[in-house]
Each structure stands twice: as structure tokens, then as C-alpha cells.
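Following this line, the structures themselves.
In the two assemblies presented below, chain A is common to both, partnered first by chain B and then by chain C.
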Partner chain A sequence: MRGLPLRQLVDVYRAKFRAEIALQFAYRWALAIWLLGLLLQPIVYLVVWTTVARSQGGTVGGFSARDFAAYFTIFMVVNQLTFTWHYWEFEWRVRQGFFSPLLLRPIHPLHNDLAENVTFKLLTFTVVAPVAVLLLVTFNASLNPSPWQVLAFLPALVFAFALRFLLEWTLALAAFWLTRVTAINQAYYLAVVFLSGQMAPLELLPEAVQVIAAVLPFRWMVAFPVETVLGRLSPMEVAVGLAAQLIWIGLALGLLRFGWRAGVRRYSAVGA
Partner chain B sequence: MLWLSFRLGALNAIQYRADFMVQLFQSLIGLGIALGGIAVVFSQTDQLGGWRQEELIALIGVFMLVGGLIAVVIRPSMEQLMEGVRLGTLDFTLTKPADAQVLVSVKRVEIWRLVEVVLGAALIVLAMVQLGERVSLERVAAFAVTMLAGVAIVYSFLLILSTLAFWLVRLENILVIFHSMYEAGRWPVGIYPPWLRATLTFVVPVAFAITVPVEALVGRLEPATLVGSLLLAVAFLIASRWFWRLGLRHYTGASA
Partner chain C sequence: MSGTPEQAIQVRELRKTYVVPEREGGLAAAARSLVRRRTREVPAVAGISFDVAPGEIVGFLGPNGAGKTTTLKVLSGLLHPTSGEVTALGHVPWQRETAFLRRMTLIMGQRNQLAWDIPVVDSFDLNRAIYQIPAAEYRERVKELVELLELEELLRKPVRNLSLGERMKCEVAGSLLHRPDVLFLDEPTIGLDVTMQRRIRNFIAHYTERTGATTLLTSHYMADVEALCRRVLVIHHGQLLYDGDLAGLVTRFSPHKTIVIDLEPSGPAVDGRIEALVGSPDWLVSHAEDRLTLRVPRSETAAVTTRLLANLQVADVIVEEPPIDEVIDLVFAAGPADAQAKDAR
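And then the complex of A and B:
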């Protein structure tokens, strides 16, 4: 499978955007309900940690109630922008033979998912952004990043998305070898909840867990951009973080190429 | 009738034994997330809104126990009901010589979800042993009563939601609303801001199914709450029954 010229690739993406937007509008109520669940989660953790902070005389590990409000709201936004769902679909794709038409197209199936993902994010962001502002205001969040922190946040966010997308797509390839990947996906999800900072800022976790989260890609997939814009990192730490993201992206790309080639060979062997 | 449904469900499920392992694994992961969350919180504090760690573990136990009960029979049956309304297969159920509400409520059983019920119960026992409190018979009775009332309230609530399918046919996702609100029940409702607490108590009545029974178990239940919980359960049961009848009349009208 050779790559298409860039111009054609752009056309493919545009067509996919239009189709995807129409699709999402057809399921707008499902989308609205899904968003409701998404928004409830930061509020729950926010309330739990605010309660803890209050009982500890105002702050926990350097986080005040207002810091928690900023952390969990920004985390929700970053998590919403970076998460992927494709690894939940792979089992079904492989088992039902849905990969066959995708493989016939002269374009890597990754592009299909990427276009789908980005469209979905753009669409839902129009709701997530105002809600985030509402949360920030309601809970009186303390969020005042300096200009360089905002500037660093943008690449950190884009890299986080790229890294998460590539890694989770690679994880999904497991479906070529195993018929039931639900258990793997669940275990991965567990790791994400703890190690990406969803449950609590990583600073509040035990030292050992923090090290694991930083050595593995989890911190760089979500927590890092959040910490950056919250102003909790020094310029040096931000630079190191961006480098770590790039290294992981490189590794993920390598893994993906290798896994995809081996996986597709296996798929055709089963299908034939 | 519930028993018959269980036997059928069990026979069905035993054909897919691998699903049991998947379910077990899934429940253990859920348990891991819940307990891990509590551990992280309590590494920074020794009480959360007046709740001790063991009490919160008992809360997770009830969360899983009640969630399991919903997942075993109520939720699958309600999904089946909504599908039945859409496809018209509800007719078969209605012609049977038994109360239709009972029939649809136990229509489908997902037996492997019992894993969650067992894990939840085990967790409650464990937490009580750790608390080292002598749990009097009185408290256990109050726990059982409030939990039954809570399950009745949740059941009625879900039945009302599902009955809406008689009017609004495309509604598959409405139960998801309950599911995401239920997640908030992992923590005592007392810690939430007033608007959310009120929502979780009266709009999506998660509080009565989880927080109140645990309060009964640890001996912190106000008698007024106990009475209120029972009254609400009765009111909900009556209201859902009435609404179900109303919906049913609408259904016959529509398909004729």
C-alpha cells in the first residue's frame, strides 16, 4: 500500500469530514446523552478533591479547591480532545470481515479513523468548550497561564493527541491475533484512569506511580498538557516533556508500522 | 416467574462460558478503579465529608451490589421492552395470561452480571469486618429494608423511562442517562453541591439506592430518612405502575 499524493489525501479527508458530520447529526441525541456523561465525570472528581482540600485546611499537595476546579475542567477538555474509541471497534472489524473493504481502498485505514476522530472532536468541541467555560466560572477556577505556557500548551496538546491516537491504534492491532480483546482493552483503560491523571493530579499519587506514569507514555498523553497550561511546570520541565512526547510518537509510529504489517498478513491468512 | 427467567437466562449463558471470564475480569477492573480511587483520596486525608475509608468501601460494595442487580435483570429487561415496542414483538408478551408489567420486568436475565452482585456483597462484609463494629440485627434489618426500597425506586424510575418508548420510539439511549448518573453514586451524595445532590436524590434517585443503605449499615441513618425512603419507594411503585398502564393503552391504540 503506497501513500497517495498529499492533494488527494486532503480531498479524501474533506469528503470524510462531510460524511461524518452528517452521520453525527443523525445521531444527535445519542451524542447529547454521551456528552452529559462526559461532563459529569470531572464534576464528580472535582467535588471529591475539593472536599478533601477543605478538610485539610484549604490545600492538598499544593492544590487548592480553585486549582482542582481548573485541573479537572482542563483535564476534561484535553481528555475529550485526545481520546480515541477505535480500539473498541477493532474486534468487531476483524471478526466481521469489515477490514476487507478498508484494505481494498488505496489509502491506509488509519486515515479513515483519523478523519472520523478529528471530525467528531470538532463537532463535540462546540459543546465542550462553552461547558468548560461554565465550569471554570461556576467553580471559580484559578487559571491564569502566562503567554509562554499557552504557547507551549498548543504543541503539547497536538503531540498528546498524536501519541494517544497512534498508541491506541497500535493496541487495537491485537485484535488480529486474539479473538477477544475486551480484556486487554479494559486493562488498558484501567492504566489510563490511574496513570494519565484522570482520577487525581499525578503529583498527588505515590512517588512510584508517578515514575511509572512518566516512563510509560501515559503522562504524556493527557496530564502533561494540563500541567503545562496550569502553570505547574518550569520551562525546562516543559521542554523535557515535549521531547518525551516526540520520542514516544516516534516509538509509536515504529510499533504501528511493524504491528500493522504483521497483522494484515495474519488477517489475509484467516480470511483466505 | 423471576425464577423461570433466571433458569432460561442461565441455560443461555452457560453456552458462552468464556463470557464469564470476561465479565469477571471486567468487574474486577471496575473494582480496582473504585478501590484505587479511594486509596488515592485517603492517602491525602483521613475522612471525606465525614466518611471513613472503610465506610466508603462499604459504599462501593453497595454500589456494585445494586448496580449488579440492575444489570442482571432490570436493565436488560427494560432494553428488551423498548425494543419490543419498536419492533412490535411486545404483542407476544401482552397476550400471555399474566401481569404484563411483571412479565416485561423479568423478561431477560444476564446471569454473568451476578458476579458483580457477589463481589459487592463480599466487599460489604469485608468493610464491616474491618470497621470492627458489632453490626446489630437492627442495622442489618434497616440496611435490607432501605436497600430494597432503593432498588424498588430505581426499578420504578427505569420502568418510567422505558415506558416513554410508547410515545417516543427512538429512545435507545435514554437508559445511558441513568448509567452515567449512577456513576456519581460511587461517592456519598452528601459531598456534592446542593443542585447535584438534589438531582441525585429526587430526579435520578441514586442516593436512595446507595448512600442511604450504607448509612443504615454504619448506624448513621436518621429515622426520618428511613420512613422517607419507604414512602418514596411506595410512591414510585404506584406512579410507575400508573404510567405503565397509561403507556400500554397508548400502545394498543397505536398498533391497532
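And then the complex of A and C:
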């Protein structure tokens, strides 16, 4: 990435923010329907797992119905704040040549997507947050984090977002080489659903799966901040987790730089 | 970064060859291509060299697929060439250094760069931020562009709701907000009606005159090139056929002029004398009623005209160059062998 004065970056993000807000309001019904889907998903998991817990005499693998309510609600919030969609757009961008104008601006295209992403998150969070509170209250969720857990949750969340954004943007670069990337994206998406703790808390999954999720970046992209604020991790485990996140962010940055250079080279070789 | 280069743009032996996958139609061919992909090399630009001085406005002429757009894409930094050397404003374009990108713009008539769903003014504001245009200057420039291009009504509309012509005006305005020193214009008026073409063209002329920006333009419309460019580069099959001024192009490739003579209806009959007066029966294109149309070698034009004026009762006479489009057709028909045009400009 090119070094840009911070003041300029902030200015770009603000301009992008204003434009994006206007755009989202222009498509408010699409946004509303999308939000509804986002909110329904955890409710489905929540209802299923709460029912299972009840039928098993109250708990599944140490999770009570109230624990599940807390887990899936917080997961919804973290997932909403960390997810990205840019890799679904890259194929279209590359095929239609929409990448060209982005390349000719004196600013890395990543900033365009990051600004768009952050704006969208801020906007939708105003709906997601009250819904989350509503869910927590309705399902009588057991969420009593200690102050240090709340404090650790914040960097864990920011790192999770940074990691997920960088990795998924790197994944998106595949579109420079392959004209069809939908299959890859679909496979990746399934991996995220399964290995990031979206279907079930990772500790309920077989040990082998837990190991895979922790060795690969998936646990650190979503599940880890959730586990932290739910109080399911010791201080040591949280510290290790934050370190794992930082290591992965470093790796992702390296991958992105390398992939970006190679990708643009490829793009500008075959006919932008 | 080097200092101000003597030439704004330097191109030496530029080549760009695309490698394209190739297979025949049908299922069997598709199956075979799974195992072994056949590719073919397509040379889009086959070794061209030229310089452009600061402030010059140069028109690129050539049929579809001649290599015009590829050259512009290399110059603006979108494409890596296969070989050759290029500098623009002292930079190697495809390294896409910030200092270079901030000083140039590429406008493509068939692509839009403004965001589709948001009002034009929001896209402008984003450009202001990206190019770090000081607020006061930005306001002043927008005001000026709005007046010159009559954008007032369009600024608040999302781009998708604009007509093609309206959109192009906004594209041009948005691309010039940062006052680029080099303009690459690829078919900026394509698909527009004549009035809108003229408006865009006039505006570009105004901009370049005011700012002294170096400009490279491709267009299918000769009117654009005639109005804007004193110098033209003709390329065909990726090779440079001609580099010089527009008038020189006509002289070089069209050795004839057209003479049209209207005779006084009351004058004496001329039928018997015409061929002798004209000089050669080949030069007489038509003789109908009171009008003679001749196609005469350039060097003979003056003599023939004088002879006819002296010996006939002439009501009106027109001597003209052939239409530029016809000349261009001639150039393409002539091909590279005939046209190793290294004219001193």
C-alpha cells in the first residue's frame, strides 16, 4: 500500500461515508430485507440449540439454554461487524473492467472497500445493537462479563475485523487469475460458517475440527471475541488468542501485498 | 522523480502482444481444451515510437483494433507493455506512482468512472478528497465546470438516471477536477448526438487552451480530430503509418484535388472543347447540365483551373480537398509499405 498522509485518508473516508450513507438510504428496502435475514439466522440456531439443551435436561456440553442465547446473539453482532462481501464483487469488477478506474486513482483500491465496509457497518449497527439487546432480554441470556473480559473483547473484535477483511480481500484477488470464482467463494463461505463457530460453538465440535479452526485463521476471525466476552476463556487463553490474531494479521498483510502485486501485474498483462 | 522532461510523453518501440485462448466451437473441442489449452498471440501494438511535447494535442486515428486504445492504456498505466520504453511526465506509467496518477486522467467514452448509484456531486466530492484539492479551489472549479458544461440540473441526480450525453459531461467534469497535466481521451464522444459531441469537443478545447495540458485523443469522428488536433498519428495493425499534421496527411495520401465548375447557362455550348481544356479525359469525373466535376492531380490544379476560367463562361468555381474520411480510407488501404511516414514535423 502506498503511504498516504493520514489527514487525506480521513478525508477520503469521510467523503466515502457521506456518499455511502446516501446510497444505503436510496436502497433502504433492500437494506431492510438484508438486515432481516441477518437477524433471523442466529434466531434459528438459537431456537434449535435451546430446544436441544432443554431435551437433554438443560445443557449440551456445558451450554445451557441461556448460554446459547448469549452465544448466538453476541455471535450475530460480531459476525455482522466483521463480515465482508467484496470477494463476491471482484469477479464482476475484473470481468467488466471496473477495476481500471480504481487503479488509476492515486489511492489503493483497498481503501475504497474498507471505507464502504466501515460505513455499512456503522449504519447497520444502529439496527443490530437494539435487536441484540432485545434478544438478550427476551431469551434471558446469561451474559455477565467481568471488566477485563469486556476490555479484552474490544481489541479482539478489532483484530478479528482486520484479519477477516485482509484475508477475504486477498481471497478476492483470485479473480485476477480465474474468470469464475463463485465456486471458490462458496467453498470459503462454507468453511467460515462451519469453522468460525456460526453453526455451533466450536467447543461443541469434535476435537479435530477445533484444532483445524484454531490452526487456520477461522476461529480468530469471529469465534474468539465471542468466547472472550462470554467469559469462556482464561486470561492466558485470551492473551494467546490476541497473539494468534496479530500473527495472522501479519501473515494476511504479507499475502495481500504479494497477491496484489502479482494480481495487478496479471491484470495489466492480459488487457485491463 | 526527474525534473520537467523536455517531452511530455516519449514512446520507443512500444509492443503489446496479447495471449488469447483459442478453441474451435463444439463439445469435442471444449473437452480437448480441458487437457491442453491452445493459445494464440495477438499483436495489438507492433513497435511504435513517438514523442509528444508539453501542451500538444495529438489525435490517434485508426480503424477498430488498430491498437489505439491499447496504446492509451499503456500510456495511462493500465497495461504493462510486452516490450519497449515509455515515459509520461517523466514517469514509467505502469508503475502507477502517486505523483504520476495525480497529474493525469483517462476518460473512456465507453466506461464510466463515476459511481453508478450516487449523485454526481458526491462522486465529485470523493475525487476532491482523493486528489486533495483544496476546498476553495474545488468550489471554484466545480462552479466553472457547472457553467461551462451546464451541469446545474444534473449534480444532484444519481448517475444511473442520466442520459448518455449528460453522463459523459459529468464524466469529463469529474475527470478534470484535479486539473491533470496529461489527458488521455479514448472515444470521448462516442454515441453522442452531434450537438453534444460539439459541446464536449469545445469544452476539451477550452480546457487544454487554458491549462496547456498535453492531450492524446482517439475518436472515430473526424470532426473531433479536425477541431482539436493539429497533429495526428495514424496507426493500423499496430504500426504507425503517419505522424504529422492533418493537412500534410491529406497532401501525402491524396494526390488529387476536386474542381467543381458551374457554367453560365446562357453561355455557348462547350461539349466539343471540354476534353482538350481539361487536359486528360481521365480527369473528368462528370459533366451534367451546367456543372463540371474534375479530379485533377494536385500539381495540375492551378493550371487546369486557370485554363478553364480563361476559356469558359464560368458562374462559380470550387477547388477542394477530398473529404478527410476518404483520405483516411486511402491511408488504411495503402498499408505500411507505402507509408513509412517519418515526416519531419
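Assume the second predicted complex is superposed on the first by the 269 of 272 C-alpha atoms of A that agree within 3 Å, B and C clash if a C-alpha of one lies under 4 Å from a C-alpha of the other, contacts with A are read in each partner's own complex, and residues count from 1 in each chain.
Rule of thumb we're sticking to: a contact is a pair of C-beta atoms (placed from the backbone, for glycine too) under 8 Å apart; a residue touches a chain by one contact, two chains touch by 3 or more.
Here the structure is a predicted model, which is why all the values come from computation and not from measurement.
With both structures placed on the common chain, the touch criterion links A:W34 to chain B but leaves chain C unconnected. Once the two complexes are overlaid on the shared chain, A:D11 sits against chain C while remaining clear of chain B.
Shared-chain residue A:L134: touches no atom of chain B or chain C.
Shared-chain residue A:V47: touches chain B; no touch with chain C. Legend: residue contacts after superposition of the two complexes on their common chain; A:I247 is shown touching neither chain B nor chain C. Once the two complexes are overlaid on the shared chain, A:L151 sits clear of chain B and of chain C alike. By the document's definition of touching, of the two partners only chain B reaches A:F194; chain C does not.
Legend: residue contacts after superposition of the two complexes on their common chain; A:L178 is shown touching neither chain B nor chain C.
After overlaying the two complexes on the shared chain, residue contacts for A:A239 are found with neither chain B nor chain C. Across the interface of their complex, chain A is touched by residues 18-19, 70, 73, 76-80, 94, 96, 98, 101-102, 105-106, 108, 111, 113, 115, 117-119, 122-123, 125-126, 128-132, 158 of chain C.
Only residues 18, 21-22, 25-26, 29, 32-33, 36-37, 40-41, 43-45, 47-49, 170, 172-174, 176-177, 179-181, 183-184, 186-187, 191-193, 196 of chain B touch chain A when the two sit together in their complex.
Against chain C, in their complex, chain A makes its touches with residues 2, 4, 8, 11-12, 14-16, 18-19, 22-23, 26-27, 97, 100-101, 103-107, 265, 268-272. The residues of chain A lying in touch with chain B in their complex are 29-30, 33-34, 36-37, 40-41, 43-44, 47-49, 51-52, 55-56, 60-61, 180, 182-183, 186-187, 189-190, 193-194, 199-200, 204-206.
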